[in-house]
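Data block below; observations after.
Chain naming follows the written order as A, B, C and D, and within any one chain the residues start at number 1.
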Amino acid sequence: MRTSRLEAFSDGVLAIVITIMVLELRVPESEEGHVATFADLVDAHLVPVIFSYILSFVYIAIYWNNHHHLMSTADHMSGSIMWANMHLLFWLSLVPFSTSWLGESHGAAAPAALYGLILLMAGVAYFVLSRMIIRAGGANSTLARAVGRDRKGEISPVLYALGIVMAFVWTPLSYALYVVVAALWLIPDRRIERLVAAQPDPTE
Amino acid sequence: MRTSRLEAFSDGVLAIVITIMVLELRVPESEEGHVATFADLVDAHLVPVIFSYILSFVYIAIYWNNHHHLMSTADHMSGSIMWANMHLLFWLSLVPFSTSWLGESHGAAAPAALYGLILLMAGVAYFVLSRMIIRAGGANSTLARAVGRDRKGEISPVLYALGIVMAFVWTPLSYALYVVVAALWLIPDRRIERLVAAQPDPTE
Amino acid sequence: MRTSRLEAFSDGVLAIVITIMVLELRVPESEEGHVATFADLVDAHLVPVIFSYILSFVYIAIYWNNHHHLMSTADHMSGSIMWANMHLLFWLSLVPFSTSWLGESHGAAAPAALYGLILLMAGVAYFVLSRMIIRAGGANSTLARAVGRDRKGEISPVLYALGIVMAFVWTPLSYALYVVVAALWLIPDRRIERLVAAQPDPTE
Amino acid sequence: MRTSRLEAFSDGVLAIVITIMVLELRVPESEEGHVATFADLVDAHLVPVIFSYILSFVYIAIYWNNHHHLMSTADHMSGSIMWANMHLLFWLSLVPFSTSWLGESHGAAAPAALYGLILLMAGVAYFVLSRMIIRAGGANSTLARAVGRDRKGEISPVLYALGIVMAFVWTPLSYALYVVVAALWLIPDRRIERLVAAQPDPTE
């Protein structure tokens, strides 16, 4: 029962986070005598705003999906799981802000770095939450599944960190790295696993 | 269990989408000495804003209703169903933006075309989601019900596409087409089915 | 199952409606060198804004409470119940808009009348919804309970209508009438019933 | 069943309250030719805004957690529990407003005092709600657990009141007191209990 309410609250927060970002998509009201055209969307700098909206939408959707799987492996809640979950929601709640700054930044370095930093912190918070759940549950199968999933979880923070650094070197590469991480999580697990299986793995 | 959480998240997103549109309804605060009148609502161009709000409210309500029926036919979830659902929510999350642009457009063509485009994409996303659920379930009865419902689903995209084209020819006709599609879905199924049954159907 | 999802969606909409009204409570950021004081809240006309916020908060809370009781008497859903519910949510979704206009109106007649009109329409929508549920269920006990509750439901629209008219005669009386209706619903049922029982009732 | 819907509605309101505060985090769009930097975040006074956001996020998370525990001890609902809960949600719904004023106040006294006042009123509302639930349930174990928890509940309002007074004496101390109360609730119960157990307790 308690797990379900934590999920319901997290669902609520994630649903709001994913939806309020759309409030950034805003065309200035046309003045008297001006006929609105598609060019107005470009003039209002909506192209980068929409790009950053799509990227963040995909990230929040990935988090919702992973959170949903993670929570289904948790048998009972504890204070530390609840606070680890709140910590994750805190960083995800900052995504609309960093998305908005990224969308309006005209390719500047700082907003791209901040975007990566918040993704990195959310990734760390997710990792902490998963460890808390493993510690509370301790089931062999759950642990195994979590470890099996960890490869993406291990590569992602490295790519986020690289994205933060690259923001100050060549910002477009920074964007590309964030897109790559999202794509990594979007591609169904099995293909990734085969790819990863190609390289020797000391835990097997 | 997993179906219920996907529904809860979708409910959350749709509840927010349907409600944040009301933030567009805004009368500029009356200045000192000015007494607010109903004429202020007209001066603030609220009449077209309210028209577009009602239209979008009805569309989101229709999607919620259909989504609710569709999900009740799904026995088990999969990654593809989850992502098809997110894809649908993405297009529906853009409805407040296109509603806002439509409401402030003073009858311009581009906002009317964009409104239709987003409805069209949401329709396509809904179709993809329903195919994913049919493929996962494969139950005869579910398939049959889905096919039975498909007539509206087949006419709607044609009317949306016509609405997009008409936006550039005669914009009021574009609005009328979007109202017609909404009305098609509002009229209880049985009457429509009788109407459709009048014409020969190769699948029966 | 279907009832619960309709309730979940309605809960979501009402939770958002009751919360986004707080976005109206906004003090302009103090300029450099100015020290924020409580007088700023008065200067920003927050006193009437807070008054209208409290009134609308109470109204939405009353609707949530009554909606919750009404839905618990419904055994099975139908298309007409679902649409009657959406109709109610539509009028309640306009409450933040009319609250905002009322709060900023400096006592003007039109915003007070619009506020009453939206409450009146929500009351009508609630009445229609309750009839739909009675028609679908048809249970004697449910009917009886609904009829027993109806006294407030019959007085409220009369007082709303009076409030709309009074807005143009003497606006403070209009506010008072809206407060009276809210108070009527806040006072626990039993006391009201005794009060009403004092006058002869043809249905008993 | 009725408890769960009250929880679902409260979850919805708290999820929105915790999330809309992020709408305050807003960097003005950079003008043509200006490259966005981290210094812009400082110039937009985002440092105190983020501080107040974190503090309020933690407070709402604490309330959600406590509310969740409190509700799990309630066996059946009543009109008075429902209204006591709405009263609590009312004060918590004002947190985004007081957070926003605090964040933009440049250390002024009035916003710090208002922030404490709203926390104090939410604390009072929580106390009233817990008494209503104890009165309705009357179970020995529930009462005992509630009394056991009360120490923090008794110290908090004293510290809030002190924070309100200190806002006008030395504002930074006011901030510190609000942080201390949040920390008190964040530290796991057992440690606190041992600390409190050190002083003689007449109820044991």
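A few remarks follow.
In this text, a contact is a pair of C-beta atoms (placed from the backbone, for glycine too) under 8 Å apart; a residue touches a chain by one contact, two chains touch by 3 or more.
None of the values given here were measured: they were computed from a predicted structure.
Subunit C is reached from subunit B by a rotation of 90°, derived from superposing Cα atoms (nearest 5).
Taking each chain's centre as the mean of its CA atoms, D is the chain most distant from subunit B. Centre-to-centre spacing of subunit A and subunit B amounts to 27 Å, using the average Cα coordinate of each chain. Centroid to centroid, with C-alpha atoms defining each point, subunit B and subunit D lie 38 Å apart. Of all residues in subunit D, those touching 2 or more other chains are 8, 12, 15-16, 20, 23, listed in ascending order. Taken together, the subunit D residues at the contact with subunit A in this complex read 7-8, 11-12, 14-16, 18-20, 22-23, 25-27, 29-30, 35-38, 40, 54, 57, 61, 64-65, 68, 72, 186, 188-189.
By the touch criterion given at the top, residues 1-2, 5, 8-9, 12-13, 15-17, 20, 23, 45, 79, 82-83, 86, 89-90, 93-94, 96-97, 100-101, 104-106, 108-111, 114 of subunit B touch subunit A in their complex.
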